[in-house]
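Chain naming follows the written order as A, B, C, D, E, F and G, and within any one chain the residues start at number 1.
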Amino acid sequence: MKELSSAIQLIPLENYIFLSVALFSIGMMGVLFRRNTIAILMCLELMFNSVNLLLTAFSAYHSDPSGQVFVFFIMIVAAAEVAVGLSIVVMMKRNVDSIDINLLNRLKW
Amino acid sequence: MVALIPYITIAWLVPAFPLVGFLITSLAKNKLKHNQAGIIASTMVALSFITSVFLFFILNSSGQDSATLTLFNWVSAGDLKIPFAFLIDHLSLVMMLIITGIGALIHIYSIGYMHDDERVNSFFAQMNLFTFSMLLLVMGANYLILFIGWEGVGFCSYLLIGFWFKNPAFNYAARKAFVMNRIGDLGFILGIIMLFFTFKSVSFNEVFTQAATLQSGAPILTLITLLLLVGAVGKSAQIPLFTWLPDAMAGPTPVSALIHAATMVTAGIYMIARSSILYNLAPITSNVMIVLGLTTAIITAIVGLRQNDIKKVLAYSTVSQLGYMFLALGLGAYSAAIFHVTTHAFFKALLFLGAGSIIHAMGGEQDIRKMGGLRSKMPITFLTFLIATLAISGIPPFSGFFSKDLILTKAFETSPWLYAFALGGALITCFYMFRLFYLVFFGDQRLSSAHPHESPRVMTVPLLVLSVLSLFGGFLNIPALFGGNSGFENFLHKAVTSKESGEIHSATEIGLIIVSLSLLGIIILLAYRTYVKKSTVPAADGAPSSLIARIVAKKFYLDEIFAALIEKPFGRLSDFLFKSVEVKVLDSAVDGVGTLTSRLGSLVRRLQQGNISFYLFAMVAGILLFIIFILFV
Amino acid sequence: MIDKKNIILAPTIAETPDGISGQGFFATSMEKAVGLARKNSLWPLPFATSCCGIEFMATMGSHYDLARFGSERLSFSPRQSDLLMVMGTVAKKMGPVLREVYIQMAEPKWVIAVGACASSGGIFDTYSVLQGIDRIIPVDVYVPGCPPRPEQIIDGIIKIQELVGNESLRRRNSQEYEDLMKSYNIE
Amino acid sequence: MAKEVNSDYWDKDRVKAEEPKEYNTLNVGPTHPATHGVFQNIMLMDGEYIVSTEQTIGYIHRAFEKIAERRPFYQITPLTDRLNYCSAPLNNMGWHMTVEKLLGIETPKRVDYLRIVIMELARIADHIICNSVIGVDSGALTGFTYMFQDREFIYEIYEEICGSRLTTNMGRIGGFERNFSPKAWEKIKYFLEFFPAKLKEFETLLIRNRIFMDRTINVGAFPLDRALAYGFTGPNLRACGLDYDVRVMNPYCSYEEFEFTVPVGQNGDTYDRFMVRQAEMKQSLSIIQQAIDKLDALEDKETYYARDPRFVLPPKEKVYNNMEALIWHFKIVMGETDIPVGEVYHCIEGANGELGYYLVSDGGRTASRLHFRRPGFIYYQAYPEMVQGTMLSDAILTMSSMNVIAGELDA
Amino acid sequence: MEKLTNRSVVASDKKMTFMERIYVPAILKGMSITITHFFKKKTTINYPEEKREFSKVYRGQHVLKRDDEGRERCTACGLCAVACPAEAITMVAAERKPGEEHLYREEKYAAIYEINMLRCIYCGDCEDACPKEAIFLTDRIVASELC
Amino acid sequence: MELTTLLFKTIFLFIILLVTLVVAMYSTYAERKVAAFMQDRNGPNRAGPFGLLQPLADGLKMFMKEEIIPLTANKYLFILGPSIAMTTALLTGVVIPWGDTLTIGDHVYSLQMADLNIGILYVFAMVSIGVYGIMIGGWASNNKYALLGAIRAASQMISYELAMGMSIIALVLTTGSLSLHDIVAQQHGMHWNIFYQPLGFFIFLTCAFAETNRAPFDLPECETELIGGYHTEYSSMKLGFYLFAEYVNMFISSAVIATLYFGGYNMPFIDQLGLSSNAVTFIGMGFFFIKIFAFIFLFMWIRWTLPRFRYDQLMNMGWKGLIPLAIFNILATGAYYFFTSLK
Amino acid sequence: MIFLFYLLSAIMIVCALLVVFSRNPINNVIYLILCFIAMAGHYILLNAQFLAVVHIIVYTGAIMVLFLFVIMLLNLNKAIIFRKSTVTRVSAVVTGGIFFLVLLAATRQTFEIHAKYPFNSDIGLVSGIGKALFGEFLLPFEISSILFISAMVGAMMFGKKDE
């Protein structure tokens, strides 16, 4: 553990920034790319997690636990989001027998 | 000596129990069987009461004056740091004990009273929520929490007055209460804002420490105290904002007992007593209070003379008693006011619950003209009601005597005229109470359709408990005159700063008591003659009567005056504004804008596909543009 | 033919139905270990349709205890079983089902036909009953009886254990086996 | 496959018009472990819940009645064995009584009592299977093994009497093929002694265990009027609350001389069926005891068949030494005895319900028409209605608690 | 529905007491039963080594008996084949030739007597049917057939 | 890390894996024997003396059996399923303290692979991953029974994880540490947590049954309903992995129960014997294994006694029975410590 | 150790891309799980052990199981091919790429940040997070729990079938 934890000094912070930016962009691309609602939810999770990673990295680099606490909150929010989102998906499947997001086009008046 | 701090942490349990009760009863509304909600709610309040008692002993044995329990940082914006904290001192403890103790009894009583109501679960949920808010009100360590509780009790009161919302009149009553309270609240919130700007804090401790450094009679203090007074007047139903309270009797009787007699209406008293330091420094406000209180006490007592609805009578007597409390506050006798709050809570709750029991027995009939002869049918109610009537009339040794006598004495210390008026009010009170009492319990039964019967055990037991309290409640504060040590006052002195007043001789005091007692005795006999011996029954509505009687019966036309003074001018103004300004100027402008927008909108609508994925795209593009804008522009 | 020399004559038993015999049933010593393992871990698939199923229950019960042979773990999923025990009448409607179950079983697999009905149709020589399951799948051991006693079923299991223990590992890949399967139109 | 999706698909009316599509089909059987053989239930499932069921039969159709029409009466006995093979002797006895009714054979009292002993033993054996299998299907295998030891003992008694364990071919028209041996009596008495304790033990394992109660109470409950409409009989009807018992309502074989109660259930759920069977086992024990007492009271210890030379095989010594006996022997075996023309329906209280035999004789050596009223066939009709809306696990318990025997069902 | 007889007794009690409601006591009771069985003597008969005692009348493997003088009892009358519900018995009758009296008791004997053991249902009807007490079902089990 | 320590750890890891596998293997044998004994039978006794070679025979047979991957199945996931099941089952063993320290020469070695300061959470994480093995396997089979089994397994394991976690929270309140090493060390002598957390233990035990899919919670594979449940389509060693993983899980959860609630390697009165520390370690380890075996026996005992739950009853019991009970347990524990801390 | 970082990062990126581009929903889930496990590795690298385990429990053990569960429940085993039009897809990829670049540009100022503070290995442990969580962040914690409960209730109401 000690060895592992000293590893952090070797890795520059920008690596983490780079990584999470990449993940975030991939997630967003997925959101735009996919039509499957479940896949879109998954991509959202990916985006959440890229933020989590960045927060943790900053927290570690700043020796401040607040960042990790935020990650904690994000996890809670993510769990809530997934629960509600998936139940919507289930409802959608039940009602229209498809989980294509393009079917959700009733937002216009 | 017990170290206070570790134990005081359990204070959060006191409001937590009713909150839990509220959550359970409201969330599981549809699941609970009819008695379960009541049992849960009562248990929760009873638990709160037990906790309060526990706290009481802790505080007593600790020797400390107060303790602040900070739960968490609540508002933290810039300089403004308001912790969510409870202030436990003698004042708040007294209030907590009243709220939870009497609240518990009333909850238990309600199990019987509301037994057949179909929305009984909602009822208990709201009652619990009310208890929670009230506890928040009295326990809060700063004005903001107090205000939240203040609003909470107002909201619950609104809900509960309009509990039987299917009746439009009841709905109207609820709305009236709500609106009148809002007028008061406006003053109150302005007062709090002023406080904050003056002292940069809303915490009691800080405000009072800083205020103590101010000079007496400082205009800002007068302004603040007056604004706060407006709030108190609204909540505690003083002239001119008192008309909502009698109407509020539309709610179920336990609600009247709990909210409109024992607890919520005393919130104003509590708030002023809590701010006693500020009021001590604002003599003008104090004088205003004296006038307000006395006027209210007498006028509403007179109105009460001609009321025929059992609950209305009690409501007016409540307002009248509240007037006495205001009088005491104005006189600087804060502890006397709180003491009267306490005893009043005992006997008024008892009166209301007794009235509820009677109404229950009469099958919903509230008109005292139709009652009578209930003495033999409902012995327990009769007995308890008698005790309460004696107590409110100020007959020794019942609790009302001690508290009222304290106020009268204080009034005499300031001015004999005050004493005279106050005593007059007390005599009127005594008369209409005995009128009520005799009409209800003596004579023959006048309504043949009802079959009165004694209420079930669950209702009579709280009555008995309360009657014991009404009987002996006064002994909490036996004045030095009777060899007591004024325990209650001394107890409160740790939290409330009363004004110093002149001493009066004990002989004078005894003389005053003898005078008032003999007058009371005469009044009771008079009432007995009128209503028992002669079996006079008040005339039916609309029967010809004297002008004064009509005025009194119409509550001095106060409602009408209000309508004429406020509603009509405002109505005319708004009418005018509507007809000339709005329709002609504003509407056309708005319409024009609307047409324009809809035309524009129909152009833009093509963009709006209603398709989520398109929106996502648009969102991302927007974010991109935004970031680029920030970065490069 | 009746053996005329004996005092008590055993009637000769009718020809066994056409099973397939041939090479590849005998194991090399290297394969003994595998054979031993297999024979002690024959997980049966009880294809019980009627009376014999009840006797099979008795066999599983405490008195006869098939577990002693390592065969008490019944696998109702054909993928997991080694031994198909066909017990009871197999109607013609059931035939394809049985065949499907057999096909789904993983190699190596063995079949026991328990009781008269499964072996030959027994008493039910009618339009609706398959006259012996060996018409649709290869059978390794026949257990006579209607229904056979648990002793007879155990006897059959012991027989098949011998068979399994001595089977060559190559048998299932051999030409003979392929031919056998082909003769049943099983690929 | 790309799905053609109309962009206005999410149309309220359209959605309402369509059935939700989340159901899927589950094929239970014909080799599902819980079908104990060969029924196929094609279930439309909504998750774990059953929307509807379609049952298929015929996977073990053996053409009993057709075979029976080509066989002399005594050869039909082995066929009846294979109807409800869990209680073969009951079927045998029922058949014998039917034939006796047609032929007008009076059976001696002793035969009646012996038959009652055997029939009640068979009933116990059947109920043991059914109830222990309910245990197995609910996941408690151990009770099954305990109960099966007792069933083994009943097998031993059968074996002692007739020489076979399961499909007994016990008894002959007019009585039994041989008298009960002393060993058989010994075993029966021993069984009466130890079985109640074993039964109690089995009950302790299950009946007051909340898991089991939860699994069975209100599972597969069937209202009485529906049960009557379907023609339920036996324990399954009694579980619904009606005390219909052929032994009481329409006594045969001297059942009217016996004292026993008719256990009934409350609402016909699995627990009721289980408990009714459990109680019936105890009643059967008492009936056996009464029968033994009555047998002991009888003077006659030797009669075990009706003495009617036309239909009962003569003793072997006689056949060998007496020409007339030999002729009768041949006639009986060949099925050439004179059979009266007639039509008979006889029903007995089978282990599983009213087991009826409808026999039409045209005077030939075989029955011209023979129909078995198989209770299992009737119960299975009601199965879809019973399991509709319940869970898969319930359906399986319902199935085993109805004790539908495939051999009896398809015949 | 009213009762048909006065003999009915309700057999099931579906009300759970509190102790039953909390699962544990009943579970412990069940477990006590299984654990006592754990230590009980096992009932298993180790079949190939130990054999269960069969009853004397058990209907197992068939034999054709001879009489006291060692002559075959069977006269090939065919009654057994007629009586066989499974139609598993086939026989071919033959005339006894002179000089074979010590082999066959009667004038006719079965030259071929076959029972399809896989069809036979061991019902014992043949034994009943045989007028000569020639065929007899022993208490030996029929061994299974390896194919 | 020193080389000797590294060496020791490596050897120790292998020993753990080996022991786990052997115990799991013989658990299958024991299960069959226990079942047989409880049912008045003899159980396997033909393969080797007393049938001791039975597990080997089963294993070898499974290895030699044909691999079937159904055509309609998802091939990779079909293989992935059992692998995950086996891996997660084995991974949990690393944080369990199998014994106290061992002194060899100058070095003191801890008989625990990794003393994570969040050991309990690690166990918990592994348990929560374990469900994938079943879910993926069941889904990949493309068989309705398997799918039903997988769904049952998933919902059952998620539900019972909650109650399990809550019972652990109460335990953590008493111990004040998440490290398994600390927890065991605290239970020195007879200060076993079972005496402080009886209700928590009961909940944990129940959840352990559910998490290992053992009767009466064996719905995912219950034979009479779902034939084989999630492993219906599996044959040969992949099936073996699943069956094996169940026993490994059983072993590991027994070890976890023994560690958390029954003092791990602690044995009462061991200190009074005056043995050398290594001897104490070995005796403690032996005692630990005795506890584990006792729990394995309990697992089997219950399996062969009880009927199984129904899906909705299982859920009800989890959500409406165990979770409130666990919350109550937490509250009660918390209240107890709160009030004792006031003094 | 830097090697470990690159390894984990590579796994994450590849899996994330596969999540986006793989069609079979089950495969998506599995790739995402892999991605999350790699992320747990990152957490351990960052000395956030507690977070790593909680991440596994919450994401891998609960959220992804939920995904898998729903996919199984809805029986989406056949790859659902409803594709967006090529233009949309290309523009999605382009947008993603641009977004990546823009974000990089936006964060370029932070590139100079290094571990300025003395490294504290305790913050990732339970006690560190616990102190922060129940001290400074108590109110957010409570509020988030309420959020969570309401979300659960909402999800349940959604899932309930209309009677």
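Things worth noting here:
One rule holds in what follows: a contact is a pair of C-beta atoms (placed from the backbone, for glycine too) under 8 Å apart; a residue touches a chain by one contact, two chains touch by 3 or more.
It should be emphasised that the depicted structure is a prediction, and the values quoted were computed from it without experimental measurement.
Path length between subunit E and subunit G in the touching-chain graph (shortest route): 2. Set against the Cα centre of subunit E, the chain with the most distant centre is B. Averaged Cα coordinates give subunit D a centre that lies 61 Å from the centre of subunit G.
If you average the Cα atoms of subunit B and of subunit C, the two centres end up 90 Å apart. Spacing of subunit E relative to subunit F, judged by their CA centroids, is 48 angstrom.
With centres taken as mean Cα positions, subunit G sits 4 Å from subunit A. For subunit B, residues touching at least two other chains, in rising order: 613, 617, 620.
Of all residues in subunit D, those that touch two or more other chains are 3, 5, 22, 24, 32-33, 47, 78-79, 142, 145-146, 149, 167, 205-206, 209, 211.
Residue numbers of subunit A whose C-beta contacts span two or more other chains: 28, 32, 35, 93, 98, 100, 102, 104-106. Partner subunit F is touched in their complex by these residues of subunit D: 24, 26-27, 32-34, 47-48, 135-142, 145-146, 149, 205-206, 209, 211-212, 214-215, 391-394, 396.
Those residues of subunit F that touch subunit E in the shared complex are 34, 36-42, 301-302, 304-306. Those residues of subunit D that touch subunit C in the complex are listed here as 30-33, 36-38, 58-63, 66-67, 78-79, 81-82, 85-86, 129, 144-146, 148-149, 151-152, 155, 165-167, 406-407, 410. Listed in rising order, the residues of subunit E touching subunit F in the complex are 27, 30-31, 33-35, 37-38, 40, 42-44, 46. Note for the complex: subunit G touches subunit B at residues 84, 88, 91-92, 95, 98-99, 102-103, 105-106, 138-139, 142.
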